[in-house]
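You will see subunit A twice below: alongside subunit B first, and alongside subunit C after that.
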Partner chain A sequence: MAKVIVVTSGKGGVGKTTTSASFSSGLALRGNRTVVIDFDVGLRNLDLIMGCERRVVYDIINVINGEVLLKQALIKDKNCDNLYILPASQTRDKDALNLEGVGRILDELKESFDFIVCDSPAGIESGAFTAMYFADEALVVTNPEVSSVRDSDRILGILAAKSKRAVEGLEPVKEHLLVTRYDPKRVNAGEMLSVTDIQEILRIPLLGVIPESESVLQASNAGNPAIHLEKSDVADAYKDVVRRFMGEELPMRFMTEKAGFFKRLLGGA
Partner chain B sequence: MQSEFFKIMTTEEPAFKIKTGNLPVLKLHLHTTDMLQLQKELALRLEKTPDFFADTPVLLDLSAIAGLHAIPDFSGLTSFMLKHRMCAAGIVGGSEDQRDAAAKTGLVQFLSTGVAPKKTFESTPPLAESPVAKQIELPGFGQESPVVELRPTLVIDKPVRTGQRIYAEGANLVVMGVVNAGAELIADGDIHVYAPMRGRAIAGAQGNESARIFVQGMEAELLSIAGCFKVLENEMSENVWAKPAQIRLEGSRLLIEPMLK
Partner chain C sequence: MSMIAGLIDYLRGSEKKTALVAKERLQIILAHERAGRGTATPDYLPALQEELMAVIAKYIHVDRDSFKVQLGKHDQYDVLELNITLPENRKL
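Moving on, here comes the complex of A and B:
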């Protein structure tokens, strides 16, 4: 049975699209038939991060309006065989993204995919609501700062009250916490919230911690999801996230400060 | 079913919506059935502040005279009130005969707050009308049964998150999950939180001054009992912060006390 996973956060700029790109790539790399949908109508950028912006001809709004077939709008990923991208429209009004149309598209996608990853826009407006409405599971992307945690809390409240599963009284949406842009050094200095602080407030299971890294920006600019980076903490962290999501039990990594060269040389703690 | 739902979701705004609402309303408590006396005193009161009731709907609360056999002259009272620009909108409480008389003059019957509709009311008239029942009725004992039908306690076993508001109307509220900053708990009765309480708690929302708030981890932003509230910024003392605490009203002072001494 196909699963619909929403990547959401409330706050903008925390790493939803980066996560959607790497998470869906990771699922596909492990052999799952995966499709990732950009719900940020008007401000699309998933296709930029996936490096397929020049191949966007049709988008999700064209499909909803019945102008093209779903398979005409799906773009095959350049890195993974099992991954497809359904881009958002840059020119349309965001109200064109209606629940009925999205429900129809998801039902059609469920027939040929294992995982449907929905990249939510920021905020709690209709776009974000539409992205989360049909979700079976939710990846709540949170930065280690108070306002991001507060917004994630708000989103979790909406998921628990207004998602399709909540409205129809089905089993609630399964929630996963993903802490991104984590900098253990700044956490130790008291400048950022720790993972424990965040969990104390949000109280949902931790799926992973993605360390802060400059390589994410470079990868995004190059149109290459961070999970494909070589010898990178971020890529390893995203691979861990995917493995945990698939049910493997792995210890958390990247939560403590890296020992410096001299510290390692001298064998310090 | 599904398509109907979507149709409603996508069409324009409907012409009307039916919703419940809680509005403040003025109540005139009748303590006598002697309408002359009432009108005299009321006229005196209205002389001082003639505009106080101007064009506002007023409910007549009959609970204090429910034990009396006399039936107030409702039509006389309402026309007197209209002369003073008070509009009698309906009645609350009262004995069965009084309610019947009020209904005949076009006054609407409101249910007292927090009390579920009394279904037993319709099924008992034969007993109430029997002469035997009337004979043993003593003044003061004929009042409506003091056994108030309390609504069942509202129990929330999930976290209450930012932006969520929970209202236990006419009931107590028990929350088993964390209440985060920006969440709001409102109850007409008491509030219990068996987890960290970081949001707002408003107990005795309809004015019950004996309502209390009990929390396991006291980190609240705002506390209120019967409209007497306190915003808590940083002044909370060490002995209650993040600890079990009880909040109650003493006079008009809101006390926050550690639960274990």
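Moving on, here comes the complex of A and C:
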């Protein structure tokens, strides 16, 4: 049975699209038939992060309006065989995304995919709501920063009260915490909320920690999801996230400061 | 923080770590926001407050500020709470 996963956060700029791109790529790399949908109508960016912006011809609104077939709008990913991208419309109004239409598309996608990853826009308005409504599981992307944690809490409240699963009284949406842009050095200095602090506050299971890294910008510059970077902590962290999501038990990494040269020399770590 | 720890911090001139401040602030505000969830203030509450106040004002002289209508939760029950502070030293 296909699973619908929403990547959400409430707050903007925390790494939803970066995560959607890498997470869906990771699922596909492990052999899962995966589709990633951009729900940010009017401000689409997943296409840029995935590096397929010049191949966008049709979008999700065209499909909802019955102007084209779903398969005409799906773009095959350049890196992974099992991955497809369904772009958002750049010109339409965000109200063009209606629950009924999106539900129909998801039902059709469920027939040919194992995982449907929904990249939510920021905020809690219709686009974000539509992206999370049908979710079976949710990746709640959170930065170690007060406004992001508060917004994540709000999103968790909405998932628990207004998602399809909540409304229909089914088993609740399975929630996963993903802490991104984490800087262990600043955590040790008492300048940044720790993963434990965030977990204590949000009270949902931790799926992974993505360290703050300059390579994320380089990946987005090039239009290659960060998970494909070589010798990169971010890529390794996302691979761990995907493996944990698939049920493997792995110890958390990237939560402690990297030992510097001298520290290692002196046997510090 | 204990008083002694506070005193030591004070003597050392060090301030509370900002991460700790962040955590405490979040715990307080989220406890408040979570409590309000699910019992979002119904639309009719302001109108109800106005009408109740008009009725009471017929019999007792009360300030606008000393009159509060709130909808809260107590165990499983929704509770409509009316809070009126009566003026002191005044015959009703």
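One rule holds for everything that comes next: the second predicted complex is superposed on the first by the 268 of 269 C-alpha atoms of A that agree within 3 Å, B and C clash if a C-alpha of one lies under 4 Å from a C-alpha of the other, contacts with A are read in each partner's own complex, and residues count from 1 in each chain.
Here, a residue touches a chain if its C-beta (ideal position, glycine included) is under 8 Å from a C-beta of that chain, and two chains touch if they have at least 3 such contacts.
No experiment lies behind these values; they were computed from the predicted model shown.
Superimposing the complexes on subunit A yields a three-chain arrangement in which subunit B and subunit C clash.
Contacts of A:S194 after superposition: subunit C is touched, whereas subunit B is not reached.
Of the two partner chains placed around the shared chain by superposition, subunit B is the only one that A:E100 touches, whereas subunit C remains out of contact. Once the two complexes are overlaid on the shared chain, A:L46 sits clear of subunit B and of subunit C alike. By the document's definition of touching, of the two partners only subunit B reaches A:R203; subunit C does not.
By the touch criterion defined above, A:A161 reaches both subunit B and subunit C.
Once chain A of one complex is fitted onto chain A of the other, the partner contacts of A:R150 extend to both subunit B and subunit C. Overlay on chain A, subunit B versus subunit C, candidates 2-10, 20-28, 38-46 or 128-136: the clashing stretch is 20-28.
Comparing which residues of subunit A touch subunit B with which touch subunit C, the overlap comprises 150, 153-154, 157, 161, 200-201. By the touch rule above, subunit A contacts subunit B in their complex via residues 98-100, 103, 150-151, 153-154, 156-158, 160-161, 200-201, 203. Only residues 17-20, 22-23, 25-27, 29-30, 33-34, 37-38 of subunit C touch subunit A when the two sit together in their complex.
Within the complex, the subunit A residues that touch subunit C are 145-146, 149-150, 153-154, 157, 161, 187, 189-194, 197, 200-201. Those residues of subunit B that touch subunit A in the shared complex are 3, 6, 9-10, 158-164, 177-178, 180-183, 196, 198.
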